[in-house]
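Per-chain numbering from 1; labels A, B, C, D and E assigned in written order.
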Amino acid sequence: MSSFKDRLPPISQMGPFIALAIACAVFGMTTDNFFTGANFALILQQVMVVGVIAIGQTLVILTAGIDLSCGMVMALGSIVMTKFAVEMGMPAPLAILCGIGVTAGFGLINGLLVTRIKLPSFIVTLGTMNIAFAITQLYSEAQTVSNLPPFMTALGGTFDIAGTPISYGTILMILLYLGAWFWLRETASGRHVYAVGNSPEATRLVGIPTDRVLLGVYVLAGVFYGIASLLLVARTEVGDPNAGQTENLDAITAVVLGGTSLFGGRGMILGSLIGAIVVGVLRNGLTLMGVSSVYQVLITGILVIIAVTVDQLSRKGAR
Amino acid sequence: AEPVIGLITKTETNPFFVKMKEGAQAEAKKLGAKLMTAAGKKDGDTAAQITAIENMVTAGAKTILITSSGDAIIPAVKKAQAKGVQVIALDSPFEGADALFATDNYKAGILIGQYAKAALGGKPAKIAMLDLFPGHPVGAQRHNGFMTGFGLKANDAKSNELSSTPETVCAADTDGNQAKGQTAMENCLQKDPAINVVYTINEPAAAGAYNALKKAGKEKDVIIVSVDGGCAGVADVGKGVIAATSQQYPLKMAAMGVAAGVEYAKGGKKATGYVDTGVTLIAAKAVPGVESKDVKVGTELCWGDKK
Amino acid sequence: MSTSHKLVMQAKGLVKRYGQVTALDGADFELRAGEILAVIGDNGAGKSSLIKALSGATIPDEGEIFLDGQKIHFNTPIDARRAGIECCYQDLAVAPAMTITENLFLGREMRREGFLGNTLRMLDKKKMLEIAVQRMADLKVGIRSMTQAVETLSGGQRQCVAVARAAAFAQHVVILDEPTAALGVKEGNMVLELIRRVRDKGLPVILISHNMPHVFEIADRIHIARLGKRACVVNPKTISMSDTVAVMTGARDPATLPAECLA
Amino acid sequence: MSSFKDRLPPISQMGPFIALAIACAVFGMTTDNFFTGANFALILQQVMVVGVIAIGQTLVILTAGIDLSCGMVMALGSIVMTKFAVEMGMPAPLAILCGIGVTAGFGLINGLLVTRIKLPSFIVTLGTMNIAFAITQLYSEAQTVSNLPPFMTALGGTFDIAGTPISYGTILMILLYLGAWFWLRETASGRHVYAVGNSPEATRLVGIPTDRVLLGVYVLAGVFYGIASLLLVARTEVGDPNAGQTENLDAITAVVLGGTSLFGGRGMILGSLIGAIVVGVLRNGLTLMGVSSVYQVLITGILVIIAVTVDQLSRKGAR
Amino acid sequence: MSTSHKLVMQAKGLVKRYGQVTALDGADFELRAGEILAVIGDNGAGKSSLIKALSGATIPDEGEIFLDGQKIHFNTPIDARRAGIECCYQDLAVAPAMTITENLFLGREMRREGFLGNTLRMLDKKKMLEIAVQRMADLKVGIRSMTQAVETLSGGQRQCVAVARAAAFAQHVVILDEPTAALGVKEGNMVLELIRRVRDKGLPVILISHNMPHVFEIADRIHIARLGKRACVVNPKTISMSDTVAVMTGARDPATLPAECLA
């Protein structure tokens, strides 16, 4: 009943992996430095912020919503935690919790507007995106916050495995993915996230408190954005009021590349990790190839389409 | 092997940075270096710049030239420097760069402020401020510099906050974009039709502002000043679209940066210090008490094409 | 017949309007302990609207509902579920992309024992699968894999999933809205069998159906809905099928029925 | 059967109007110059580009898609038409047609990828957005194109009605909206757009060539972006390679504010016009109030949420 | 009985697999001119899969289909529609947010006369509304407003919309997949009436139904589907209902039926 083959994800969910494999093969052949452990470790480091945001974004998208505020909320979180620690002299762990508290608070606001007033998530998060951006600018006075306590940047540190420096943040990201994967797959509340996205009315009628599920998802997403704030701070060693401008599109791209449907209820969280890595690999590989940046944009556009096309055709083949 | 030099600009959509890239490419070709380029998606996209620094280090760049989008890149720069990479700031200063080849944006603002004040000739000022977008240091420096030059009370060069006084009757963001500049000016004219001075963040915004004024039949009564001194902008000065602009020299910055990179790769030493690549006020009509160059000079110099 | 029966559910004067359409127009309702109550009526008579009001799926505009004599106010299906009422809706209320097992246990998932279940709250997928196989086998519906998504099932198979869910978890009342509409002869009989088993456990069942032979075979009383109201309640043992249909379609005034036909 | 009341849109579709009315009332009370004919004429001029893009975007969203490429494609169109006219010396009408041809071509590519390979529109248009951007930059060398032939900027001209200068572009925009409205409401092919968005499978099963409907929608959207290019050129009197960066979010916002569902099949085109005007009114009114730019962002965020909340609550009241 | 009948549709050895599930396993099919052919079978027997293959909704993996003796290959429902085949699917295939009238005429809209229609291609909404009112009145289903969205209809009313559409536009063959499943007694009879009218116009009808009394009342021949195949075709005038059910459920081997029962 549960042979090994049954446990493998169906071929329809392998698309993102195929896209990743193809991208890697191309870069491996055209550049010298691509296929090194150090380079892969670097790519993982580069994608960890978007990767963790993408966890929250995946949850929201699984419920058939979308969160445009994720990048700006993350930026606000990083400003709050760094300013609290540096300027108010708060102990770093507490400051971090405050930052995560703020991002979770934004999640709560998003969730309340979506569940209580039944507003479309697109508009709600467009509004809170602007609000978070403005608060970030006002509160930081558009100044970068530096001289952070070491505790706050500890996750940016690395340890060596076979001479390859792996950052703690990367490990944290992978653990968060595994946790989210376990939750979505193995627990009732995780399955309810899928159910709400798949058929909100049916889920309501069987007596699941759909509003509570949704609210929980938005708050949880906020917590993930808070953790992403911390990773960003650890990676850049500053609190940057300019952060978060491109992360929201990057995160949504990662989720969609990873095979999650924007209509909700279908998808898998590990795909988002692969999607984030695909985005990072493209950026890294093209720079290593010495492609100039306008051409990078062009090629990224083309490769993104090719990646999903390959994915789609491989599914057709499997049918 | 030929030395590898990286150039990271804020974006690739601004002609200023496009010129800078061209200058770098020409110089690299001349000196036999390999140039890699990268840019953010938009101004302020520090994440992309950090990623680009890391990738260029991996790709073996020994010198990275960067127009910083924000101080968040500093730690990444330090990490690169720790690996023996020379990092030179172009155009936008940041702490810890080995060297800075740049224009002083605050000074650029002061020059056009002084010009506008003199050109207005004692009439009460009603100024529209067409800014970049919130929280951008260059935007703040030019804005506050302009006000200082105009004799208004304003923040100093370090501040990222936009000052305002009763004379600045209207302020709006343009993203440095012509269509948005036009929209901003139109709205400002609705607010106060008697506006007689327009500060603009850059020349596309100035062109947009002029368009709006022309449609309102007011282009003759208003002084538009701007910053950048691109060839198109200087031409606009010649046409009377812009009264005066502070010219900068991106090609020069880039060429100097590439040269420093080749020097370092050849076993030379790292470049150091601040080289002011200079600001020149270009105006069609000189006004007494403010030194300016005419359009002909401006066209010859535009962005340092002909050094 | 005797009025001494304990009333499990009761509703008085339910009204539900949708814009200009009045779906329920002062409907009354009574469900006795341990009985199978059939609800019949023309299309659009307000049967589904009635049971949606009873199960908390919609909130009636007017009227009162009593459960075991207590006045209640269901705001959501959650409240009804807490009170032990399970409902199989006409449009099935299944999550199409999820598997049969998941749909069967949606909102009633079983957790593993011990640490994995209590602390990690891990689902006991194996046990749920076993039970699901068992339940579907009870209905004699030939489904090949329980891990198929419900959207890949045939119409009748899908209906079996929804019916099995309602029957499995009810503690107090089972409501089935046209549970046999898409079922074949054999499967339909299995569902009737299932309904009887539920009743024999002591739970009352509300059965909406258009299948008169089924209704007359199984119902203890028949509630006839007409134009958003209850026309009357009849006794299938004493009334003929054609009289029932006549009342249902409005061809005969219920007041003209002999008293012994009413229930 | 068709009294006047029947012909009024149901209250559920009046939400955007209410939001607009509220925004106008607030600005009317707090500023002097808001309630003037000239100011309204100005706002209409300012929104005409986003307004016309929003027509195309509405069509795509009605089919349950989304078009992220709209702004960049429009920018490419304006560069193509201006460069063809100025540098290749092509007659202006022909150059304009070439520009529109390019935008329609991008629509065709989007449509083919969506219908033939069944890719999600989000990813397809994300890819073509990057491609259009890169081509714009490369082809224009990031230089503004000026000295346009007068024919090309004629739509930017104005005529006076009661002393208020109305631009021809505004009139064109309104005519396009009326045309789109007529098409969507009164013709079979227009109704099929709704049907495809509402239930693609049902539409396919009744024998409507859904792929052809979708392809048509994407191409038509491309044509609208091309017309928007022309309006942009007419308005700014240059071909600007930096255009189009914010228009895609603005256009989607206008559509969603206008009450069209991102899940497809529900909405009305005139709502998008109102939505676009709401966006323009906010920007204009806040500048008139003298709100500084960070606070503008903050207030825009809050007002967008309030607008949809009012909308939503007014619908609840109507039920 | 006589084999001289003209075959309108014919299929040989249709196979349709979904992953591990084989929905059709070499099914044959024959529809004669002017007849009402009932298709019956257990849930999951492959009835819907069969008619989906006949109407172009799915493409069979193997097998051949003939229309009027010509081998055809429907790639999409559009091809079938062009050939004059109309189908009412089990899951109804309606656009929920659109009105009843719009759904009835979806893909078959009527245009105004003259300039408005020819040049502006304007719809004749008034005429379509009138016809829609007429069609729904034929089915005696009490729908109050034709401009209601289909999603606000009761289950039976929705089914009437889908049935009316298929019957209205067919030129060649009408296929109805469980058209009376959600219908009340009166409405169900109206649909049977409608089917007879269609047949009397000379169009053959394929009727899938689980309602044996209906099937025996109206069918000229009965195709019994079992496990993805055609078990046999029987004659309702000579076979008993219980024998039919026995074959359908597999309790009786069709080979043991007396020859006069087969058709």
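Here is the rule we use: a contact is a pair of C-beta atoms (placed from the backbone, for glycine too) under 8 Å apart; a residue touches a chain by one contact, two chains touch by 3 or more.
Predicted, not measured: the structure shown is a model, and the values here were computed from it.
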Minimum number of chain-to-chain contact steps, subunit B to subunit E: 2
Set of chains whose contacts include both subunit E and subunit A: C, D
Least hop count linking subunit A to subunit C through chains in contact: 1
Chain whose Cα centroid lies at the greatest distance from that of subunit E: B
Chain whose average C-alpha position is farthest from subunit C's own: B
Subunit A and subunit D, separation of their C-alpha mean positions in angstrom: 30
Averaged-CA centre spacing for the pair subunit D and subunit C, given as whole angstrom: 49
For subunit D paired with subunit E, centre-to-centre distance based on mean C-alpha positions, whole Å: 44
Residues within subunit E bordering two or more other chains: none
Residue list for subunit B, restricted to those that touch at least two other chains: 12, 42, 134-135
Numbers and ranges of subunit A residues touching at least 2 other chains: 133-134, 137, 294
Chain-chain contacts as defined at top: A-B, A-C, A-D, B-D, C-E, D-E
Complex contacts: residues of subunit D adjacent to subunit B: 31, 33, 36, 38-39, 42, 45-46, 49, 137, 141-144, 146, 156, 158, 232, 235-238, 240-243, 245-246, 283-284, 287-288, 290, 292-294, 296-297
Touching residues (chain side subunit D, partner subunit E) in the complex: 1, 182, 186-189, 191-192, 194-195, 198-199, 201-209, 265-266
Subunit A - residues contacting subunit D, complex: 64, 66, 113, 117-120, 122-124, 126-131, 133-135, 137-138, 249, 252-253, 256-257, 261-263, 294-295, 297-298, 300-302, 304-305, 308-309, 312-313
Subunit B residues within the subunit D interface of the complex: 12-15, 18, 42, 131, 133-135, 162, 164, 169-173, 175-179, 182-184, 186-188, 190-191, 204, 207-208, 211, 215, 232
Contact footprint of subunit E on subunit C as seen in their complex: 18, 20-21, 40-45, 48, 90-91, 141-145, 148, 152-157, 160, 178, 181-188, 210-213, 245, 248-249
